[in-house]
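One structure coming up, written as structure tokens, with questions to follow.
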Amino acid sequence: MSLSPLQLCLLFSSALFCVGLIGALARSNTILVLLGVELMLNAANINFIAFWRFGPAPSPATGVMFVVFSIAVAAAEAAVGLALVIAIYRHQKNIRLQEAVRLKG
Amino acid sequence: MTLVQLSRVTPGVSDWFFQSLSSPFIAAAGDSRLERLPIIARDLLTSRLPEPWRWWLNSLLAILVVLFGFAILFALLTLVERKVLGRVQNRPGPNRTGLPFTKLRLFGLGQPLADGIKMLTKEDIVPRSADKLLHFLAPVALLAFSILTFAVLPFGRNLVPVELDAGILYFFAAGAGTELAVFMAGWASRNKYSLLAAMRALAQLISYELPLLLSFVPVIMMAGTLSTTGVVEAQAGWKFGFIPHWHVLTPWGFAAFVIFMVSALAESNRSPFDLPEAESELIAGHLTEYSGFKYALFFMAEYFGMCALSAMAVTLFLGGWRAPLPFLEIVPSYVWFALKLFALLFGFIWIRATFPRLRIDQLTRFAWKFLVPMALINLGTAAFWSLTCNWSGPLQLARWAIALALVAGPFVVMGRKLSRDYAPRTYRYA
Amino acid sequence: MTNSPIVALHGTPAVAGGNAPSEICHSPLAPGGAHVRSVRDEFHGDLLEVSMGPHHPSTHGVFRMIATLDGETIVKLKPVFGYLHRNHEKIGENTTYLGSMPYTDRLDYLCSMTNNWAYALAVEKLAGQPVPERTEYLRVILAELTRLLNHTCLAGFLLQDTGASGTPLMYAFREREKILDLFEALSGSRMMCNYQRFGGCRVDASPEWLEAAKRLADGYNEFLDEYEALITGNEILMARTQGVGVMPRQLAVSAGITGPMLRAAGVDYDIRKVDGYGVYPRFNFRVPLGDHGDTYDRYMIRVLEMRESIEILRQAFAQLPSGPIMDPKAKIRGFKPKPGEAYGRIEGPKGEIGFYLISDGGANPYRYRVRPPSFINLTVLEDMCLGHSIADAVIILGSIDIVLGEVDR
Amino acid sequence: MLGIGLLKGLGVTAKNLVGSFHDPARLVTTEYPEQRTKLPENYRNFPFLVYDGTAAIDGLRCVACKICEVECPPQCIYIIPDRDEKGRPTKKPKVFDIDISVCMSCQICVEVCPFDAIKMDQQYEIAEADRFDRLLLKREALAKPNSYYQEIHPAEAAQVDAMLAEARRKADAKAKAAAEAAAAKAATAKPGAANPPTRPPAPSGSTPATAAMKPATAAMPEPAVPPVQPTQTPAENSATGNPVAPKTGTPGA
Amino acid sequence: MSIAFLIIALVTLGSAAVAMSLRNLIHSALLLIASWAGIAAFYLWAGAEFVAFAQLLVYVGAVSMVVLFAVLLTRQSRVDMAIAPDALRRIVAALLAGGATLGVLFGAVVSAPLPIAASATPVTVSVRQMGQELMGTHAAALLIVGALLTVALLGAIILASTGREDPPGVAPPAVAPPTRKTS
């Protein structure tokens, strides 16, 4: 069976997604969890580009537009997420996620 | 300096990437032979070759020429910097090292060579507790990132190594990696000074990335393109036949240029923003644990970064390779580019010779409370300028006046606010 | 007392500690009541202990500061010195009175002339030795030249500490060279002058020398103007130094600070005026005072003092009498003052430099003690540095104007 | 306004940069091995021993009285007096070492020497690779002729020579008047220009010695004094405030 | 498919996987940055030049810095580095979940009848085109993203600020009332 470029790209992105997923699930370090989520987001972006490039492409720039916005949102997410990490650290002196269970300051 | 548009892609190289790089090389009819010299020289070497090979060789030539050109510039610059610093400080600077094994001194021209030999032969010391891989990777990465930025600079008419549609974006994207390398160096050394320097470098580079990027947005707005050649193209022509249409000669352009250069000083870790390697505080900052060739690489990367940012400033604001006056166009474009580049580099050195260093909190405050608002206001000024581009006669004067006020007013107000706590003092006598 | 003794916290937020383990406390070491956040040690990750020195570019020699940093903010700073200790005082008790004279050159090696004078003054007090008038004038001339030299150096060093790439330092050294040339022409050595003797001085100043010195004094204002144009109005320098390293007035007094540092804190105390030693009462000069006691004041006070020194020099050259330079009764060999004690002090460029001597009638002093100004001025280093960033500590140290030869003795 | 001070500073540095190309006051470097600054006459470096005549060791003025050894603050002088076969001191140093790695160039030995035997040199290119041998100067290395002294410190040497000549004249007169065996001894002395009074006996020695000690310290006032003007200099010495201490302790004591 | 793609994919996946399994946070962060750079290379390969540079600028330039800052600001003691007793179980569970997801996704991708583009004529988007799209069709989205970024910036600052009375970075108050100032 030969895979089309689109399929290869999708396989690549799903692999990346799973790496991010495993990381986010397995690690207890808040920063790493955030980074795992970030990776999953990137995997989604890869899909956009892949479909834009190798898909039937109805509107030439839609995929690219999506990625641009997605990157912007991801940047915002990273900034807020890491600010949260620092807040958690300041509060409980470590960044283990399991300990951040008290919804109370 | 040279070279080379990558010529149209070959059948053998099917990736679109290379196709997008190509834009046909069209020598303007009026181009003098001197002007086309680099292209002619290249064609002399490669025109006989079959197409795929020719393309590869052309690219290779471009890379080599740029690398060698800047390596020589780096060597010269270290000497010139020391000479100029020396002259400013009432001493002659290095003037002993000339040709090896002779008594010829040549005003110290051999100094870079001697420095190079010294650096190469020094022992490479890696601290035992250092993160060896990162310690090794940091200078390499730094140098790689700074070299990457040379790819999109238009060194002369038709002399741009890679013609990218989003060239300016590429330039700053490639430059963004340098801070990473500085951090790697500081962290991997396992030295407290280095770590402090790494933190400082991060804070500084993040802070100044913003005004740096914001400062040239007006230029992009005006030129309507992200490509470096496009920006140079937008600055063509002369007003009244002798005032060039350079961006720096407009109110917003001047403000943007100043903001850009200040941020460039900070981005390239030059005095007065040389906090990461502040030698009077942090020994040598992130370079403390580096010696020998790795140290030289850092040094090289710093100068490359400085050159690249200056070259970008030339492109964005100083009309790129364009001659300042119409009749001076007989001088080849790459010479003009080099002259402008040298002028800016001299400015870097001059500033280094004069100013003391800022403190880290003042540094970040200056970026966030002065440069960023100024850049944003400048964006508005540029918008105003763009909207009023068809005012004429007395309106033209009003346009200038309003634009100047829009630049100068916030500068005075924010400058006063920034220096509120500081003022010269008078003293009483007992 | 206008200065409120609050050292505000500022600096980078870099490695900020949490709210919980930190508290506002009065540092026991800051009688002025510097408010400094102390961070408990249980929280190791937040504090960084940096040992600056003894091998550090800007500790002015082999001085060491163990700084505990919260981010870049200093929460504790322990000065360590003694790396240059060489038993100066004990050597003084085992050499003749004259033999100690060249050793005083090595105390504060920038100001050997004033050190010589202070020591000679102490011995002259001890022995009741009069000094010829011409020598008194020469001493004033040399002391004021030394003050120019020292303050010029300080301005250069301080600016070097703030990170200027050598330019102010080189300008300062350019002028310093000229003074050193004068010293060399007179005493034979540029820095280790060994010039004063008990009851006089070693060599008389020739008319040519005096002419050269006069020329230098006349041209010095020009240099100061250039230097001030270069740096005094510089916004970066003002931002770096104003409000940094504030020394409250009562702290300065209670810590025994003297010299320009004390006057920068606003205390009008100049031994040239207070004691009126030598022929200083005959000169007309003013004492500049600072209002803030910060680093900028300490720098500016020195610049202004240089301008006053030039005035003193001009007057001294005009009034210089002719006559012998050595008291005819003075002894070079076999000098044995009668038993007793004496303390001789002068206003050195760095502050009160004093020598305390006890004689038991022998050829060597029974007790020989130096009051080194830069050592005593250094004692308030921590109080001035707390709450400031590590970059400030360097310039605060620079503004104290220490010479390790004198601190460690 | 923000930036004015910065621009002023840039102006100063620009002025210096330009000035360094045409204004010698703004390019003050002396490029050492080729160019040398002229040393002032008073410049001092390390001590050397003066000898009269041509014989380096025999002509030494030093009488091994050890005053300098005692007075030297860092104690870098080491002297062993020479003795003849019968064990009597010959008033010559057998060993005269100066450890110039210890010496601090303070000139106190010169000041205390009653015989003008030790003077300060101006030779400063004395770096040596061997710290223990080469920097410990022996008698032979220290001995330098009086002409050398006259060359490096002309004014000071002229006064010293005048003093010594005066002292010798007095000694000769005394000797003649006494007409003792010392007269014969003095007569046989070499006719050199500045032959010192050969070890005058303690009582008579005090005058020339103390007189000789002083000019070294008061050389500055009249650099125009020609080398040989024996009669004029002492008068001028007292006029310019030569710190003469006539009753300084006897040298040989 | 070109070799370039394979290399890019391998580097990206490899560095991401290693990053997720390392204990040293700095190494993880740096490897992740490499992985992001790999993704940028993928965009470049796919012809999305602008997006590639944006990815580099945002991820390698900015997010990486924030991550490194966060790592440095939350330096851990050795105790925190030790693996908690339940960690192993969680890792196994995560691997299982991830593997299952991977299987599902792979299966879907391989078996789905995906339309094949006419890749003979590669689409490219010029920057000008993108700008027009952004300011035209997607103008509303652009505005919203701008607002979102601003809000995120403010939120991040508020979250991370210490809430101290005197926030760091403020000018040290003039210690004495400036009695004599001229300017």
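Order as written gives the chain letters A, B, C, D and E; numbering starts at 1 within each chain.
Basically, contacts are C-beta pairs under 8 Å (C-beta built on N, C-alpha and C of every residue); 3 or more make two chains touch, one makes a residue touch a chain.
Since the model is a prediction, treat every value here as computed from it, not as a measurement.
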> Out of curiosity, which chains are bumping into both subunit C and subunit D?
Replying inline: B
> Minimal path length between subunit D and subunit E through chains that touch?
Replying inline: 2
> If you tally the C-beta contacts, which comes out ahead, B-D or A-E?
Replying inline: A-E
>> From the C-alpha centres, identify the chain that is farthest from subunit E.
In response: D
> For subunit C, which other chain has the most distant CA centre?
Replying inline: A
>> Can you compute the centre-to-centre distance for subunit A and subunit B, using the mean CA position of each chain? Integer Å is fine.
In response: 34
>> Based only on mean CA positions, could you tell me how far subunit C sits from subunit E in angstrom?
In response: 55
> Approximately how many whole Å separate the CA-defined centres of subunit B and subunit E?
Replying inline: 27
>> Using mean CA coordinates as chain centres, what's the gap between subunit A and subunit D in Å?
In response: 86
>> Residues touching two or more other chains, restricted to subunit B: which are they?
In response: 88-91, 199, 353-355, 361, 364, 419, 421, 423-425, 427-428
> By residue number and range, which residues of subunit D touch two or more other chains?
Replying inline: 2-3, 6, 9, 12-13, 16, 28
> subunit A: which residues touch two or more other chains?
Replying inline: 90
>> Using the touch definition from the top, list the residues of subunit B that touch subunit E in their complex.
In response: 14-17, 20, 131, 134, 164-166, 169-170, 172-174, 176-177, 179-180, 183-184, 187, 198-199, 202, 205-206, 209, 224-227, 361, 364-365, 420-421, 423-428
> Which bits of subunit A are touching subunit E when the two form their complex?
Replying inline: 1, 3-12, 14-29, 31-32, 35-36, 38-39, 42, 45-46, 49-50, 52-57, 60-61, 63-65, 67-69, 71-80, 82-87, 89-90, 94-96, 98
> Quick one: in the complex, what on subunit B touches subunit D?
Replying inline: 84, 87-92, 95, 350-351, 353-355, 411-412, 415-416, 418-419
>> Could you list, by residue number, the parts of subunit C that touch subunit B in their complex?
In response: 10-12, 14-15, 48-50, 56-58, 69, 72, 159-167, 170-171, 174, 230-240, 242-243, 268, 270, 273, 286-292, 296-297, 300-301, 304, 389-392, 394
> Which of the residues in subunit C end up touching subunit D in this complex?
Replying inline: 95-96, 98-103, 105-106, 132, 134, 167, 171, 174, 177, 181, 184-189, 192, 194, 197, 200, 202-206, 208-209, 226, 229-238, 322-334
